[in-house]
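The structures come next, written out as structure tokens.
Next come two complexes built around chain A: one with chain B, the other with chain C.
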Partner chain A sequence: MTSPKSAAKPAAKKRFDTEKIVLGLAAPVLAVLLSVVICAVLLAVSGKEPFKAFDVMFSYGTASDGQVLTLNRATVYYLAGAAAAFAFRMNLFNIGVDGQYKLGVLFAAFVGSQVDLPAVLQVPLLLVTAMLVGGMWASIAGLLKVYRGVSEVISTIMLNAIATAVVGLLLVPGVFAPDKGTATNAIQTDPISASSHFFTIETAGGTLWGFVVIAILVGVLFQFTLSRTRFGFDLRATGRSESAATASGVNVKRMVITSMVVSGGIAGLIGLPELMTSSYYFGQNIQPGLGFIGISVALLGRNSPIGIAFSALLFAFLDVAGTQLPLQGGYPQEIVNVMQGTIVICVVVAYELVRRYGLKRQQQKVGAELAAQAAAAKKEVAA
Partner chain B sequence: MRRSMKLAAVVLSGSLGIASLAACGAKSTDSNTTSPAAGASGIKVGMAYDIGGRGDQSFNDSAARGLDKAKADLGVQVTEAEAKTGEAEADKETRLKSLVTSGYNPVIAVGFVYQAAVEKVAKENPNVKFAIIDSGSSTQPSNVTSLTFSEQEGSYLAGVAAASKSTAKHIGFIGGVQSELIKKFEAGYVAGAKSVTPDIKIETTYLTTPPDFSGFNDPGKGKDAAQGQLDKGADVIYSAAGSSGNGAIEAVFNAKKWAIGVDSDQAAQPALAKYKDRILTSMVKNVDTAVFSYIDSVKKGTPITGAKNFDLKEKGVSLATTGGFISDIQKKLDDATTAITSGATKIPTTTS
Partner chain C sequence: MIDTASGRGPAGCARARHRASSVPPSLLQRNDAPCDHQEIAITASEPAPTPTGGNPSAGTATPAVELRGITKRFPGVVANHDIDITVAPGTVHALMGENGAGKSTLMKILYGMQKPDEGTIAVNGEQVEFNTPGDAIARGIGMVHQHFMLADYLTVWENVVLGGEKLYGIGAKAKAKIREISDQYGLGIRPDAMVEDLGVADRQRVEILKVLYRGARILILDEPTAVLVPQEVDALFANLRDLKSEGVTVIFISHKLHEVLSVADAISVIRRGTTVGDADPRTVTARQLAELMVGAELPSPESRESTVTETEMLRVDTLRIAKADAEGIERVVLDDVSLRIRKGEILGIAGVEGNGQAELVEAIMGMLPLDGGVVTLDGVDLTGTLTRARREAGIGYIPEDRHKHGLLLEAPLWENRMLGHVTESPNSKGMLLDPAGARKDTRRIVEEYDVRTPGIEVTAASLSGGNQQKLIIGREMSHRPKLLIASHPTRGVDVGAQAQIWEQIRVAQREGLAVLLISADLDELIGLSDTIRVIYRGRLVADADPATVTAEDLGTAMTGAAAGHIESAPEAVAEFQAIVAEGTEAESTDDTATDAQAGE
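Moving on, here comes the complex of A and B:
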């Protein structure tokens, strides 16, 4: 954005900045409003009163227990969003977050059930285990891309399926699950040792997971790495244009592998809040699909650590409040999925519209400035 | 980039603000005026279904029939909610807790996926009675009743029927999710089929592996799997896959082979009526009986407690005879039944 020198420049620049923020916020807000309207219409068409549904969701979301659940859920979604966003910033589509976190949490659960160190060592051990496993699983896709030219979209999707199969293979009695020989149909690892439990904060609305601190830490580190380090600069440069980055001396191959590993490492953390503060074991009812939620969250949050925080809170709120819909008024819970889906679609469209609008504004402004300058020059000549 | 750091600080303090808000806000249950007309018979049953919920023509519908019967015969009030594919453990807990706080007692959880959630919520609410279908554990508190079934016994009979009807000596099994529960179905089926034709070829497909439970709720996957087995030459296919089985039945119907349904008498399900000529039989799991007798026992003040298993002997599992396609092999089935109930035939619960 090299605008020609003119007296009007500082004022114009400042105005453009506030405009930029407004434009940046306009897209997600528009998307959310649009999806609310679509859902209201859907509910109305299916013969249900839509405003009561929103009221049910809102009143649960503002109650203290709903808020605690929302924050806990948002912690998980934030990590998922950050994992996806880190690779997105590098123009890598890590669709494999889903498999990476499942394996990460499975191994962390297994290590936690087998090892019993003091908490000071045990908690970091589990964190590192999960991140290592997630990172290593993601590195397969990175290596394949660099050395064999396999698109990471394809390889990570396939690795998801393989990861699920690996979980199925390992989570059987006698391997990672204890061989109890009981009649229970729920199969799970042994519970992790008490020293592996992460701290929690008791509030009036229930137990707030201490993992929210880790999520915030990840967000801060994410921002710091991207904006303050050489690595982050290289990463953004490669994301913008690979050839330009190569020309300026960035080792793109290494960047691809490193960022896949970092993305996978963050992904490894996704399952830990549930494991270390709530269920304490890896069972068959671990929540699947978090990786895909992470992609939506990252998309809505524009891959920025702050944006992701907001979108994670929004998605968490929708999911948590959605559980009340069938219980209060018999609304279908699926309406929440519809809402999340439409938000994502709308936001993509809205971002593009806003981007074009911004571009047009910018062109107009530059054009106007140039015209003014030319006019001024003409005047000078004439004088 | 200074600005973004500042913004980050704002977000941080903002989220902490929400946290502190959470600490002082009112709980959602505070404002809950006690639910609609707690009169009538005084018993309010809360039912939490597994994935698929009412309308899966199979497992959940069987439980729903029990609930409907209780509503009609015993005059109990009911509320229902169902699980969503890919939901978090916390969602299950919230569902059960919400039922409890709205005054529902007993609360019935349909499906083993609820085990951990039921245990947790039951411990917090010792005065509320819970029942869980298809699961039990040694650590569950005394206010939880387990209602389980001997699926392997019914599946054994299904295996006998399949092997007797297969002209190609080649049959198939489709499991919804590769879980311990469904492995019991497979084990019984395989044992039953081999008791008739020892060298029979059996195709086995599981649609998904835990923690992905979508295999219980994806007719498309069921159809594909059935088509694959048909292409390999199987001519009788037994699917234990919840509503995914509907897809399998459709594929089998189109190929004019035999399908074996599960959990409900699927040939008698209105939604599957057009395929009923190709549904050989169904391995009926009488979840409805279990649900009804549990509610009945609670109403009478003598609730079933502990673990209650419904086996072949007490008609917890059985083969459906709708359509009369298995009447010609009824003798064989009766013999197998006698062998099982007398204890002469021991049926494995795992294939390996």
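Moving on, here comes the complex of A and C:
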């Protein structure tokens, strides 16, 4: 039994790996292609020439100003995707990313406007503030789930609504907004101090936000935690099978709370690139819906830090390039939303199909290899 | 006499190996012979009793179901091999065999859930081919699954009609039909009751009614008694007799000897995926059946010396757990349970499933909160600690349901090797994982415990049940546990792996391991344990010495009929052990993997 086994081992391992990669890439590539086809049909039906539209998007995407804009936006999307993905890895559906990042950035803007430390301290202070607030807000959903059995889907949706109300409650003159009489209708915090500004890189295509470094750091830490730490193993085990994790000694209650807090902490960072490099204050300019884009990005990126990077770039590219569609040729910009939506639907279906196929295929392969080994062993005995 | 109605293969061949019950089993050839059936039927009369009413056909008529040469292969294993079964109409036909023998696969084939690779199925004399359960239903075959498929928040009536709306509509006509069937077969079902308010036995009757409503005349019951208490079993059997008298054919899957003997008209035994014999329940004894079912793989109780020491390893005192059930009534699942296991001792817990075994295990593992009691391991009080701390303190755990509690099915083998021991070497160093160490150790486990796999990067789901179990045992043993909790360690495992698993437990026992063994297989319990306790409705009601007890007497105690210290008559014990021992010598272990779990 042993000799054929050891001989078959390296070959088997290699083949399984290449196949794994092919299977892994098949789903997103197919999903993107399918959504391109759907959008092309939609455009053609509405009497527009579809390939011209794709050409407009592509040529803007390859231009340097388009690339810088794409990268800046992808930074935000990446953080949103990572926040959602961290919870997904635990089988938790954190729909509350939206509320968590709004509160995070509000508090960061307030602290930034009130405190003026040297940049070395000020920047980390704002990052920590945003993460703490986001994490604490998310922990409410975690605690409710663990101690009261409330589904995190329900509680985070509710907390989103509550977060909006809390923002409204705090963002009044005399609380977080300055009490300066009624100079404008727009209510917003004071601008953050100059030391709170994050560094930027000037390129030929415009200003590249330095926050991309933070996004990369989050991705690296995410990957490291998942694959190299005991905590990450417990997290993945719980995500794969809660019952097996419980039996193996994982404290599932604590894991639920911890991962909600971490997810909320990452969510807290989402609003900071905009705050610290572009707008410098919190007001009506805050972009809603980033939490939901994060969920789409995480789904497309298969909850893996590297996958999310690609899907964040793709979503950012679609958004940025989509702005050119009405300008060049009068295409509706909404086609981009259609494309993003169809990608997500296709990819969810495709992943499940690929997952089942892969599992079945491996079972068959293992069976076939074992049968071959058994046959070989029998021959040896006979000889 | 030979079972003439079965119409089975060359009669001379069968007669040649026909035997009286006094012939030792070792003298008989088994499935390695050219003709692989042995008959234990001794009566001269018709094997199938003539139906008492409803069905015009007599025992000599066309069989209701005839399976010929059924073979089903899953990747790498053969789940069913050349199975022949003939079921006479209007009878209760029991299909017996251990867990993993291939009963379920066979029934899935008969019910159209899986297609056989070879062989033919004939229903009422007509050759049929089933592609979906729908085809089987159209032919009048219905199946009641072990796990009920009912919607809790619908009434009985709605559940029955669901999916069968075309038959009698969904209104008064359907309700009248339900009442009619219920009265006809004495099922006593109220169509307007909510399913969530029903007990297990009632739900089972609803399932049976559901099948009858769809016109089934051939009923497959998959281990129907596993979830029932003895009184409910009696009631079910009364229902089955009613069904029979109305001409319905019942195929009854079970591995419980006394139940089969009390209800069946004919018995077919399956072992290692093939039919090894038919028996007439009126003449066959439980012992003969057990011997047919288990074959030669029983470990012999006398072939070893006691390794029990005086050092106490596990001490459980007055454990109590009460759970509120669906109706809010508090049900005591563990009541005043106290036990001790010494170093080198295997304590077996016997009991019908659902009498508190699972809760006892989970209480010791720290997975269930206690309402009272103390758990002490090697002098350390573990009562207030979490599962991980208990594992680190030296408890190894082979869970009852390995897919649910023992493995991450979609993770590679080496990650599964970490599961449950992620805080220990070689899986981690400090807070960081050590994948290289875990991989290396997984290779060692694969080698030492003969886990048949092409590599350690494949997912656990792609291994067969026996190999998954060997991996789990290898993992748990690798951390030198002080106490091993083995819940049904050989359930759904092929026979080759079974013998290995037993041997591994024995070896560890010799080195001073204390084992808490829970098993539904009484022969396994008697063969392995040093002491046996019987659990019944959450209480340890009886104890026995495996050297002086038979499976039959233990089975009696499991139904709550006996308490205190059980001791069987010495002659019965001697006979039981003799059969077991002879069986062991007579047959060499065949390496054919017959594992029904593969491919799942």
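Heads up, the rule we're going with is that the second predicted complex is superposed on the first by the 354 of 383 C-alpha atoms of A that agree within 3 Å, B and C clash if a C-alpha of one lies under 4 Å from a C-alpha of the other, contacts with A are read in each partner's own complex, and residues count from 1 in each chain.
Keep this in mind: a contact is a pair of C-beta atoms (placed from the backbone, for glycine too) under 8 Å apart; a residue touches a chain by one contact, two chains touch by 3 or more.
What you are looking at is a predicted structure, and each value in this text was computed from that prediction instead of being measured.
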| item | value |
| --- | --- |
| Chain B versus chain C, judged by how many residues of chain A each one touches | B |
| Touching partner for A:114 - first (chain B), second (chain C), both, neither | neither |
| Contacts of A:151 with chain B and chain C, given as first, second, both or neither | neither |
| Partner chain(s) touched by A:365 [first = chain B, second = chain C, both, neither] | second |
| First (chain B), second (chain C), both or neither touched by A:46 | neither |
| First, second, both or neither for A:165, with chain B first and chain C second | first |
| Partner chain in contact with A:73 - chain B first, chain C second, else both or neither | first |
| Contact residues common to both interfaces of chain A (with chain B and with chain C) | 227-228 |
| Parts of chain A lying in touch with chain C, wherever the complex brings them together | 1-2, 5, 8-9, 12-13, 16-17, 227-234, 236-237, 240-241, 243-244, 246-251, 359, 362-371, 373-374 |
| Complex contact set, residues of chain A against chain B | 59-60, 62-69, 71-73, 76, 102, 164-165, 167-168, 171, 182-187, 201, 203-205, 208, 212, 216, 219-220, 223, 227-228, 274, 278-279, 283-289, 304-306, 309-310, 313, 319-320, 323-324, 326-327, 333-334, 337 |
| Chain B residues within the chain A interface of the complex | 1, 4-5, 7-8, 11-12, 15, 18-19, 21-31, 79-82, 84-92, 94-95, 98-99, 102, 112-113, 115-116, 134-138, 148, 178-181, 208-213, 307 |
| Footprint of chain A on chain C - complex, ascending | 74-77, 365, 367, 386-392, 397, 399, 404-411, 415, 418-423, 428, 431-433, 435, 447, 450, 452-455, 457-459, 461-463, 593, 598-599 |
